[in-house]
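Think of it as A, B, C and D in the order they're written, each chain with its own count starting at 1.
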C-alpha cells in the first residue's frame, strides 16, 4: 500500500499531462516510457532531437531494428504515417523556437524556483550535456520526472541546486515517485501525493517548504 | 568596326570567366544572358536566389511556362537532371556562406576600389535591394557587367560611388561595352578593350586612372 | 481569419510572381478587412498591371491577387521587404505611392538578411551578425563588430502574428511539400509566426507525403486551407 | 584523404549509433594517420564495447568504426562535442580517459547550440545570440545581452577544414539524400567545411534523385566515396 511509485507509474502520471495535438519531446529514461501511456482519444506526436516528429512506438521485434530509425537515446523506433525527418538545425529550431508543447526530462536536482540540474554529476567531472539545455529553455512546458530522493535518501528538490545547472527557472511541473509538484511564482505547490503518504512525509524529504494545494489529492492515474 | 559591344557580346565575354564545375549566380539583365554562352566542355550550374541550383535554359515555348519554375528575375526556366530546390534561408546560406564560385551583377556605378552601387537610383528615392547585397558580399568572385557610361555619357566607373552602395570592395572584374577591367589592390587594370577603341578613349570615359596591363589586347570572345 | 486584428504583423510569402503566393488567403484577408497591417514579405505587392498583350515573358508580369490589393483597400501601414517597389518607376506599385505620400512606413531589408531574420525568429535566435549591408545604408544605426578580421553588422529576428503561406500539398498533420521554385520564403515564414495558415492545392492523409521530402513539419502549421478553384493563380 | 594534415579541424557526423556515421571514411583517416586533430562532433567516439550478448537494445550499444578508433590511434588532441563521454562512468571512452589525464582539450557544447554554430559557420553568420546555456557553465565568459526582456548569450560559428559525412545516396553532382533519422548533423556539417567528403551507399546519375527531396545540394560536397562493403555498419 505504502510504496513509492514505480517508474512506469510515474511515466503514466506524466503522460496524463499530454493534451490532444501536443508535440512532445521525451528525454532518456523514465520520460521515454511516457510514450506508451498517452491518454485515449488524444493524438500526441513525439519529437526526437536527431530529427523526426511523429514516430511510432519503440520497435519490439529485433528483426525490425534499423540503425537509421532511432530516437535520441539510441532506441530503435518505428515508422508511423505522417512521420517527417529533418536535420539537427531544424530539429533545434523547433526546440529553441518554442515549438515544442511539452518536454519531459529526467533530473538530478530541481530548485524551488524551477532551476534544473540534470547533466553533470560532480563526482564524475565530465558529462554529456546533449540537447537538455536547449530543450529546458525552449519547451513551452517542461516536466521533470525523477525519484524524489537520491539513492542515499537525500532530497533532490532543493532550495538551490548544488550541481551544475541545465537551465534556470525552466521547470513547470515535477513528477516524482512520491508527489506531483507545481512550480509557481509563489513557490512549490504540492498537488498530488503517492497513495499512503502524508504531506509531512513528503515535506521531510523535500528541502524547500512546500505549499499544500487546497485540493491536494492522491496521485491520479 | 568601332562600335560598343552589344549586350549579348558582353554576356559572351562574361561567360568566358566561368570555369568547369562553377556554381554561378546571374543577376537580372545582361548577366542572365551569360547562361547561354558557357564555354564548351565546361559544366556550370546556375544558382537562383528563390531556391534552385542546376536549372536548364530559359523556357522558350510558352506552353512550358510554369509559375513554379522561375529564376529570381521571374523568367520561366526549365528543369535539368540534377536540379535541386531549397528555401530562401538555405539559398542565402549558399550565398553568404561563400559557396558561390562566381556571381555576375549589373551595376550603376563601380568605384576604383571595387565598391558597387547597383540598387538605388537617387532620382527615384526608393528601390528594390533584392539579394544583391548578400551576393556582392558572399560570392567568391564578383563580376559586374554594365555599359561603360550612362545614357548621358557620364562615367559609371568612378573614384567614389555617389549612389547608395550595394557593398564595399566587392567587385573583382568589370566587363563593359568598351573594356574588361580587373579590380586589384593597386587599382583598376585595363586588360581588354573593344575592337577599334584606344586606351585613351576608354580612359576618357573612366574617372579613375586606369593601369594598362602589359598584355592588353582586344576583348577576347 | 477572423482573429486577424487591426495592427497585426503578417508574413506573406512571395517571390517573383504567383508561384508560392497565398493568393486565396490574401483575398480572404482583403474581405476580412483588418487594418493597419504590417506586411513582412519579399515584395510588397506586385505592380498590379494586367498581363501584357500576348504572352507574358516573366511570371512577375502575371496578374494575381497579391498585397497590392490590401494596400489599395487601405489595410497596410507598414512593410518590411526587399522588393518594396515596382522594377519600373513608370509603373509604381500602390504601396510605393502610399510610401512616397508619407502614409506608410517602409523598412528595406536585403533579401538574404530578410530570410535569415525570419529564420532566426522561428528558431529562437536573438539576433545575428552578417556581413551583408556593411558600408551601406542598411548598416546605419546598427551595431558593428569585427569578427576574425571581417566587419559584420547585427541584425534582429523577425516574427509575426500570422504567416500566410502556400504549399503544394499538406497532410492532415500540417506536414508540407512545395512545388519547385515556389518553395522560397514559405518554409521559413511557417516557423516564425504565432499562427501559420497555409493554402494548398491538395490535402492528403498522414502517410500520403514522402517523409524524406517533407520540408515543413506540421508542428509549424496551425491551419490548412484547400484552394477552392483549380487552375486559378 | 591525403590532404588532411596534422592539426586539421574535422567535423564528423554522429548521433546515437552507426546511422549516418561516416565509418569507412574514419577507417581511412585512421590509416592515413593525421595527428593533432580537432574533432567537432555530437559525440566523441562511442564507448567501444562490443554488442552485449544477445540483441542490443539500442543503436548506441552497437560496435562500429568511430572516433574512438582515432583517439586510440593517438590522432585526436581536442574535441568540441555535446556527448563527449560515455553515458556510463564505468565504461569510459578512450577520449574521456585522455581528457581526464590532461592530454586532450574538450569544449562541451549544448547540442542545439552545436548545430546552430555549425549552421552559422556554413551560412556566413558571424555569431548569434541564444538563450540556451544562460545561467549555466556554458555562459561563463560569454557576452550576455538582454533582448526583448530575455537574456541571451553570444555564440560563435564553427567551421572545419574537412567534414566527413554520410548519406544514403548521391548523384554525381554531389546532391544528397539521407536515410530517416540518420540525417542529423550531416546536412549542416556539409555546409561548414572547406572540403566536405561524403560516404554513400549508392551513386546515381543526375536525375536519379527526387529534386524535391534533395536535402544537400551538391554545391556543398567536394568528394563522394561509395561504401565498399554492403551490410557493413
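The working rule: a residue touches a chain if its C-beta (ideal position, glycine included) is under 8 Å from a C-beta of that chain, and two chains touch if they have at least 3 such contacts.
Predicted, not measured: the structure shown is a model, and the values here were computed from it.
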{"item": "Common touching chains of subunit C and subunit A", "value": "D"}
{"item": "Chain whose Cα centroid lies at the greatest distance from that of subunit D", "value": "B"}
{"item": "Whole-Å gap separating subunit A and subunit B, where each centre is the average of the chain's CA atoms", "value": "55"}
{"item": "Geometric centre distance via CA averages, subunit C-subunit B, whole Å", "value": "27"}
{"item": "Whole-Å gap separating subunit C and subunit D, where each centre is the average of the chain's CA atoms", "value": "34"}
{"item": "Residues of subunit D whose C-beta touches two or more other chains", "value": "116, 119, 123-125, 130-131, 178, 180, 211-212, 215"}
{"item": "Junction residues of subunit B, two or more chains touched", "value": "85-86, 89, 92, 95-96, 138"}
{"item": "Pairs of chains satisfying the touch condition", "value": "A-C, A-D, B-C, B-D, C-D"}
{"item": "Subunit C-touching residues of subunit B, taken from the complex the two chains share", "value": "48-52, 62, 65-77, 85-89, 91-92, 95-96, 115, 121, 124-135, 137-138, 164-168"}
{"item": "Residues on subunit D engaged by subunit B in the complex (per definition of touch)", "value": "119, 121-125, 171-173, 175, 191-192, 205-209, 211-212, 214, 217-220"}
{"item": "List of subunit B residues in touch with subunit D within their complex", "value": "23, 45, 47, 53-54, 79-86, 89-90, 92-100, 138"}
{"item": "Residues of subunit D that touch subunit A when the two form their complex", "value": "15-20, 42-43, 55, 57-62, 82-85, 87, 89, 96, 99-100, 106, 108-116, 118-119, 130-138, 178-188, 215, 233"}
{"item": "Contact set on subunit D toward subunit C in their complex", "value": "116, 120, 123-131, 145, 147-148, 150, 152, 156, 177-178, 180, 210-213, 215"}
